[in-house]
Amino acid sequence: MSKGRLEAFSDGVIAIIITIMVLELRPPPHPTITELLRLWPVLLAYALSFLQVGVYWVNHHRLLDRATLATNGLRWANMLWLFTVSLIPFGTAWWGEHPADPIPTAIYMGTLLLPALVYPWLEAEALCNAAVEDTSGQHRIQKRKIIVSLLLYAAGMGLAFVTSALSIACAFAVTLLWVLPGGPIDRWIARTG
Amino acid sequence: MSKGRLEAFSDGVIAIIITIMVLELRPPPHPTITELLRLWPVLLAYALSFLQVGVYWVNHHRLLDRATLATNGLRWANMLWLFTVSLIPFGTAWWGEHPADPIPTAIYMGTLLLPALVYPWLEAEALCNAAVEDTSGQHRIQKRKIIVSLLLYAAGMGLAFVTSALSIACAFAVTLLWVLPGGPIDRWIARTG
Amino acid sequence: MSKGRLEAFSDGVIAIIITIMVLELRPPPHPTITELLRLWPVLLAYALSFLQVGVYWVNHHRLLDRATLATNGLRWANMLWLFTVSLIPFGTAWWGEHPADPIPTAIYMGTLLLPALVYPWLEAEALCNAAVEDTSGQHRIQKRKIIVSLLLYAAGMGLAFVTSALSIACAFAVTLLWVLPGGPIDRWIARTG
Amino acid sequence: MSKGRLEAFSDGVIAIIITIMVLELRPPPHPTITELLRLWPVLLAYALSFLQVGVYWVNHHRLLDRATLATNGLRWANMLWLFTVSLIPFGTAWWGEHPADPIPTAIYMGTLLLPALVYPWLEAEALCNAAVEDTSGQHRIQKRKIIVSLLLYAAGMGLAFVTSALSIACAFAVTLLWVLPGGPIDRWIARTG
């Protein structure tokens, strides 16, 4: 079986997940700027999750580009991975409503962490049939960045019980790690590895 | 007419169905772990249905791979099949709210069973123009697995009136049947056939 | 500009429209069979609209297969046509809640009629660059079937003020016209033309 | 990385955004024509936003057609642009509920303006690797039309505090600018530039 439909199906699911969160952004009942400003934690939560799902989509995209076949193992690892991504809107909605409470913040960080925990299995299934093994530094840097992301989300879960601002800072750090042009961060990661 | 748009449309519909169920997972009103834990039946229902729709997607994917043309019959059999799949979120939502009641459990099993009932017609329409008849053992095993799934869902419907745990066990058994690497199960099915 | 992305975008929109209606099918509050049975008008409305949107999708699919380019005119005719299709869930939801009232029934028939009213413009834009003019009987039959559908929906709108059962029968007749294998209906239409 | 999946993902997100707005169009509680007519501001808001998102989709489509590679910069500019488009349903819903109030009207215009503000960055990223620089008049006219649209939306934001009718007229003017066959408008823009 070709991997084309696997990509198309994954793109569909991720597009729905990333867009469904906008539904949480309900317009305020009264037409005043004060009421609008009260929505900022929900808007921030939505923007942050949009970025996190965006990072996951880009990495998923890159990973499947290197896969050659859609094996049974890859299909089911991908299904489990999509399931973990689909829990992010739930975490986002709960945290957006209680931005200063430790439990929703920790659960939100947990929903962001879950796809990173499944990712190594997905990667193993995608690359087990790869024609050429990628021994370039790029691949090693990618692997280290995934571990750094995982640690940042886990730290975010713990810091939720100190203050939710620190917790959210961890999620922002993950975004910066992936969005910023690789140069300095990649060199730093390559050196510390 | 080529089958490309038929696959793309089906993938879109199945991706929406599988993701729409996450909307049922409403965040609890208060930011406590007790309230979160009260959601477990809904989360379990969502995870279980994700797997069932996943199984159906993989089988649909495999089936259309073998079809050569999008005939009028195939288009309408596919439309009816997608309709039955689209009832699964309804069954999931009702069962998730009443996990121990016989009627919602039986109806949930019924919504899981419906696409399996339409599947043989879909298969006949997809393969009536197949260039080469597949006489390999793989195809025979596939057919038997579909019948076993159908019987498991039907048993699940009946067992809903005994205890819903047994009923859900049947749905889990269907998932195992398709997710586990074929080896031992396929050999057992091939032998008992 | 190629028509590939136009098809993909249209498929996405139609897939969402056809699946979004399932969200109207809310599970009943109590786990009893009586409450479930009270949902039958909504389920019927959903099933009927699924079929109508299905008919529109198949015809859209066939039409774009014959187009060669995505012109500016085709893009905007297609956008307007998608807009009219996207009103069907609204009509479906209103009629499903008031299945015996004339106004919601007539409005529902109206939302089914609208895409048929825009269709001739869409067809003109799609085929103005077609390489070969299709002078076969098949094309003539297709055109007549569209006019018959349009008249049936319009009749359904009027009959809503007599009894909604007759109105819905018109919508079912449109479905039969397109779903049934063409033979006898096509011959009858070809003769009466 | 090829740009195919970038287009498919963007099409999916835009298709969901354009269709999700229909969910705001809730059927009225009573089956009377008076109640239906009370919905006209929401229906107008939905139709207007459908057109605006349609304009953005067509321009995005044209832009990516000219890009050759999916670079890291293009992926993230596209992600940010999709995020701004995904705020349009929020603006639409708020304005639809308060069509005569200045704050919701201005915010609605603001959500329409945002993707136009990000568009130049998206364009720069998409075209930085374009094989051939487009020095034709068509490209210059396109650029000027984008600036005119941006100014119209900004004017609409300001006019919201005078009367919302003028504000909405600005959004309609943007639609006309892009939907009408280019001839007279393009010549006028080419002359005034």
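Quick notes on this structure:
The chains carry the letters A, B, C and D, assigned in the order they are written, with residues numbered from 1 in each.
The rule is simple: a residue touches a chain if its C-beta (ideal position, glycine included) is under 8 Å from a C-beta of that chain, and two chains touch if they have at least 3 such contacts.
Note that this is a predicted model, so its numbers are computed, not measured.
Subunit A maps onto subunit D through a rotation of 90 degrees [Cα fit, steps of 5, range 0 to 180]. The pairing of subunit C with subunit D is characterised as different-residue: of all residue numbers used at this interface, under half are used by both copies. The geometric centre of subunit A is 27 Å away from that of subunit B, both derived from CA atoms.
Separating the centre of subunit B from that of subunit D, both taken as means of CA atoms, is a distance of 39 Å. Subunit A has residues 8, 12, 16, 20, 23 in contact with two or more other chains. Across the interface of their complex, subunit D is touched by residues 7-8, 11-12, 14-16, 18-20, 22-23, 25-28, 31-33, 36, 47, 50-51, 54, 57-58, 61-62, 65, 179, 181-182 of subunit A.
Listed in rising order, the residues of subunit C touching subunit D in the complex are 1-2, 5, 8-9, 12-13, 16-17, 20, 23, 72-73, 75-76, 79, 82-83, 86-87, 89-90, 93-94, 97-98, 101-104, 107.
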